[in-house]
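Each chain gets a letter, A, B and C, in the order it is written, and its residues are counted from 1.
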Amino acid sequence: MASRRKKKAQAQLEEQGYVSRSQAQMIWQAFRRHRVGNVGTVIVLLFLLVAIFAQYIGPMSFSYQSRKHPFAPPTTVHWRDDDGSLSRPYVYATTRAIDRTTYAAIFTEDISKKYYIRFFVTGGSQHNLFGFIPTTGHLFAARADDGTEAPVFLLGTDMLGRDMFTRCLVGSWVSLAVGPLVILIAFPLGILLGGISGYYGGGVDMFIQRVCEVFLAIPGLPILMAMGAALRGFGLSAMMVFFGVIVSLAIISWGGFARVIRGQVLAIREMDFVTAASAAGASDLRIIVRHITPNITSYLIVSATLQIPGMMLTEAALSFLGYGIQEPMTSWGQLLNAATNIGAMELHPWILIPGAFIVVAVLAFNFMGDALRDAVDPYSIL
Amino acid sequence: MLTYILRRTLYMLPLLLVVSLISFTLIKIMPGDYLTSARLNPQVTEETLQAQIERFGLDRSFIVQYGLWLKNIIRYGDFGTSFDTKMPVYRALFLGNKLQWTVFIAFSTLVLSYLFAIPIGIYSATHQYKPSDHIVTFLGFLGLSIPNFFFALVLLWILVVIFKVGDHGLTVGGVMDLHFYGEAMSWSKFTNILWHLWPVWVVIGTSNMAGLIRLMRGNLLDTLSLPYVKTARAKGLTERVVIYKHAVRNAVNPLVTILGLTLPGLVSGSVVVAIVLNLPTVGRSYFAALQRQDEPVIMAGLLFFSLFLLIGNVLADFLLAWVDPRIRYD
Amino acid sequence: MKNALILAGLLVITSLAVFGQGYPTQPADALVFPVGVAGTVYEDMELGVRGGTITIANIEDPKGWNDMTAHETSTTYFTQRQHRGLVNLDHISGAIVPDLAKSWEISDDSLVITFHLREGLKWSDGEPITADDVVFTYNDLLLNLDVDTNGRDGQLLPDDTYPVCEKVDTYTVKFTMSVIFRPALNSLSFSILPKHKLAQYVHKLNPEVPVGTFNEAWTLDTPLTELVGNGPYIVTDYQPNVSVTMTRNPYYYGYDPAGTQLPYYDTHISAIVTNQDVSMLKFRNGETDVYALRPEDIAILLPEGASKGFHVLITDQPGYGTTWFLINQDVGLAEGVDNEKREVYRNVKFREAMAHCIDKETMIQNVLNGLGGPQWSPVSVPSPFYAGRDYYGGPITENNAVIFEYDPAKAAGLLDEIGVIDADGDGYRDLPSGAPLAMEINTNDNTTRVASCLILVDDWQAVGLNVTFQVVDFNTLVDRLFGSSGDLIYLGLTGGDEPNSGANVYNSCGSLHAYRYSACDEPDEIDTRVDELLGIGANTFDLDEAFAAYVEYQQLLSAQLGYIYTVVQSFQYAYYDYVGNAFKASPTSTPGGNNGLLMELCFDKRLL
């Protein structure tokens, strides 16, 4: 009854040109306005979707070695028949030979047989969909009419003839997980301790800041390198090393958040509205939650935004130095590390593609966060 | 204020002590030790290895080793001798002009990235959501998104293979041509250094700038929505005066604060770039020591980076108080 | 301006002080390289001219300038150009040739070697080189327990004594041994250091300095004017992380047949870079003159060579060193676990099955880009003792080779035969008792090794063996190698011409007998015979006799499958066409280095 009346009142107001919106609505509206941010968000969501179905979308297992196709270039997908008319997309099988004078590898298509691309196929390599549904289904495969199959390397292969397309998709698991996982550990810790420190000041501040500073005084990359070396000392599996890297990253980054938040809180608690709230008898908790937190949210979003992709890049840098993700596991950083070889880069440029995945993902995360930043601050001038 | 700074400076000592303990523990957790690779050498007998283990004190307990290490520093200011190069540790770490180059590269990159980031940030904020804002933002993020080591390598490759700079007598990597080392400063040496350093500035600078631009843009937008800016506008001041005289001066504060925090990051963060671009920096000594498990040098290296961080933190506090007189210190 | 002049003057004076004038005329005892002399291995080389600078790139900084305490090639690259020994290993023929000693004789009982030094030679500061320097280097440095050197162990004789070094006269020294030991001549190629410069740091000779002072002599911190040597080049400038400059030693005793003192190049600059990619770019950019390339570089450099004016030299011959994996036959022994697994590992048929799954062709084609060869023997292919030859130093025929061809079907048959079958139908073979057989292979973070392991694991999986692959830290890997916790380990060892340098690896009690340390206490027939053969090979100066022993030794070890050999990279490098005599290099044990190049005989053709 009451809600109907409210709706009616609102409709009347809108008729008169007034619009009333909740905070969430305003944030959503502001977010929608940020076009690049929307694109970024869509890309991030796409990445997540693709990551979930990675082994289904990829035509073969990410560790399958096609021995005769090392460093095979992306397979050409043909659209036209021999007579030039449009056809169902098909590929040819290729064979590799080394030119003994230039030592260049040459791939030649065997045009005697066409392998048509078929979608939603079964009978490929086995994998577990969502991690627990065993299936041999794949999004696509190239099969001739007699049922024989030819490999399709959409993004070429690596040194061992492994499909780069599948590897990039599977590699996204680690790369996409690193940032959020680190933030998940480091952020709550930073906000809690930084907030308490900045708000109460005095002895508590002093103590937390000293603890914080010990962690801040630990130099990031150098200690990560040392931690990476130490971690593998326990003979841990690749998976555990991955979690080790995440915990290491969280350990060295929470202090930074705490410090930034403390600085903000320190400035805000001097502001009139906080003094006023305090004078009005508001509890500390209320002041922190209702008055201070909203004022530092934009700051939190900006730093979180810049942190997630930063973590992805750190993972890549660690892999480059040999202290990150190891075979047989894979990540974009680890894939790109294999490409940081100028010889390979020049002759087989397709192995640089994981770099594009990193750049696009980092960009997308940044823009998404950017849009969020503008959105949570709905009063900013447009 | 002064006592505050002084107090903070003195606090650095116990902090360094804790950091050194953490570092030492980490080094001891690492598998193997300096002599591991010697064990793989068929020409080295067990006796020789034993003699070396004793020589380096690797057979003593953790506490004893740490205690001895600390005692030598406190009593004689002696950080030990590098296992690898047999030199005093500070020499092993700073040999040649590594310290100077490290500091110079960090500072110059810092200055350059601020010089570019602040105006770009202002431009971006005052043109929010316009195509130019998007382009600037995009480029900034692009610089941030490319892994440094990869960017450096690609840049070198482009210079050599695409632009064929070698045909023009130009060299790549390092901080100057080989023959300029040890020579007195001259115009040609100066330009040569500039030629070698621009890729460094581009690679490290671009990864640093996006964050600064974002921060500047965000802060300026925040500031522009504050009542006093509205007041200034209401007074009829031109937009130019409102922005530069009133808003920017306050919006720049967090950037100044973060200056102290950025500098040490540049020192330790440039390790990867220094490796690809062949720069004579402390990071290189540290990386080499880590690879060979030259414990005294790793320890000193971690303390060095640590000290830099602490100085940066104190600097940040100092700058924060300086730009924002509202902050009280009690 | 005036200051500059004074500075320039000072520089001239100091350089004169460091380097004397050189020999007024060619010393009678000069070492003449038979460049261009028909009938020698140098016959296809050209006489060069002096002058110019050669620049190469090194991957790591040197760790000091002290050859005696140097532990790694990044240092010895420089110190071994600065110091020469009594004899040398000829880079081209692989034979032991005179160097500082012009000749030597071996006593009838083969126990005493007497060396005759070249007379009238000088150190780079003009002081004479005499027998005292040799005795000092051997007795006061090499055998001095206060000196931290890895060289001492190389002098050890089979009966745990050292040769006794004595001065006979100013230019004669003799070494007396308690047992006949052919490889001794090899180990007596140690670098000679100047007594007049270094005796002051040795506590034994100068009690004023504390014990161990010598270990900190000639570090990177030492003023370079202090360095004195007898080799072709002396280090004269060092910029950390940037470059090492070596300048010709005016008193080097090497000459060409035309009477020109060597080396030809006045200056040898080594640019220090951090990785092979930068090294290759610097070569392509014309900043360095020679580049030891990786297999993956070849397809890039070959097409570029003609337009840029460099040549890529490809040899089919594999280089020094061995690459292998081992199956730890002592697995779980210390802990008393994995008894059945250990039993299976000790079954040679099981190891044969594992060996039949090595797809060496794919490894060579895909990992080494076609530039490498299969390996089966513990002795490096270039060694004259390599069993793939018909006689000592003969051409490679592979007549004696022990080969386990790539044949997964055969492997599966062997596994069935010994009862390693899939008992529970999970797709993986189990131990004869039916308990699951899970194995793990480890290697360190090295592209070639990782790729090779991935190929191996794939094939083992295909025959139903449950092998997983895990990259571990190098130090962890070494720990696993020495302990009994390791399962399968993929690694490599450096190698040389002398099979006896592998004694520590293949002797049943050797410290690197990592595939079965328990062989020391309970050797089988093969272990015993291998120990015997090592003794026979070392105890004779008759090379044919030694060769025969080493052939049997190599065949036994290969069939025993302790270390199971895979593939080895062949040796190739590129050089600019204007570097004379650069084509004549020998394979090197370190693919990244340029040690195979006879640097003193290279010259700048543009100066002709």
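The rule is short, and it goes like this: a residue touches a chain if its C-beta (ideal position, glycine included) is under 8 Å from a C-beta of that chain, and two chains touch if they have at least 3 such contacts.
Since this is a predicted model, take the numbers as computed values, not measurements.
The greater number of contacting C-beta pairs, out of the two interfaces A-B and A-C, is seen for A-B.
Comparing the CA-atom centres of all chains against that of chain A, the greatest distance is found for C.
Note on chain placement: the centre of chain B and the centre of chain C lie 38 Å apart, centres being C-alpha means.
Averaged C-alpha coordinates give centres for chain A and chain B that are 26 Å from one another. With centres set at the average Cα position, the gap from chain A to chain C is 46 Å. Annotation for chain B: residues 30-32, 153, 157, 161, 275 touch two or more other chains.
Contact of a single residue of chain A with at least two other chains is seen at positions 229, 232-233, 340, 342, 346.
The set of chain C residues that touch two or more partner chains comprises 277, 281, 473, 475-476.
Listing the residues of chain A that touch chain B in their complex gives 33-36, 201-202, 210, 213-214, 216-223, 225-227, 229-230, 232-233, 256, 259, 263, 266-267, 270, 298, 302, 305-306, 309, 313, 316-317, 320-321, 333, 336, 340, 342, 345-346, 355, 358-360, 362-363, 366-367, 370, 373-374, 377, 379-382. Put simply, chain C touches chain A in their complex at residues 277, 280-281, 294, 296-300, 302-303, 359, 362, 365-367, 369-371, 445, 447, 450-451, 454-455, 458, 468-473, 475-476, 480. If you check the complex, the residues on chain B that touch chain A are 11, 15-16, 18-19, 22-23, 26-27, 29-32, 128-129, 134, 137-138, 141-142, 144-150, 153-154, 157, 161, 207, 210-211, 214-215, 218, 221-222, 224-225, 254, 257, 261, 264-265, 268-269, 271-272, 275, 283, 286-287, 290, 298, 301-302, 305-306, 308-310, 313, 320, 324, 326-328, 330. Residues of chain C that touch chain B in their complex: 4, 55, 60-61, 63-64, 66, 69, 71-72, 145, 148, 150, 152-154, 156, 212, 215-216, 219-221, 237, 239-243, 269, 271-275, 277-278, 281-282, 284-287, 473-476, 478-479, 481-482, 493, 501-505, 510-512.
By the touch rule above, chain B contacts chain C in their complex via residues 30-33, 36-46, 48, 51-52, 55, 81, 84-88, 91-92, 95-96, 98, 153, 156-157, 160-161, 165-167, 171-175, 178, 181-182, 184, 275-276, 278-281, 284-285, 288, 293.
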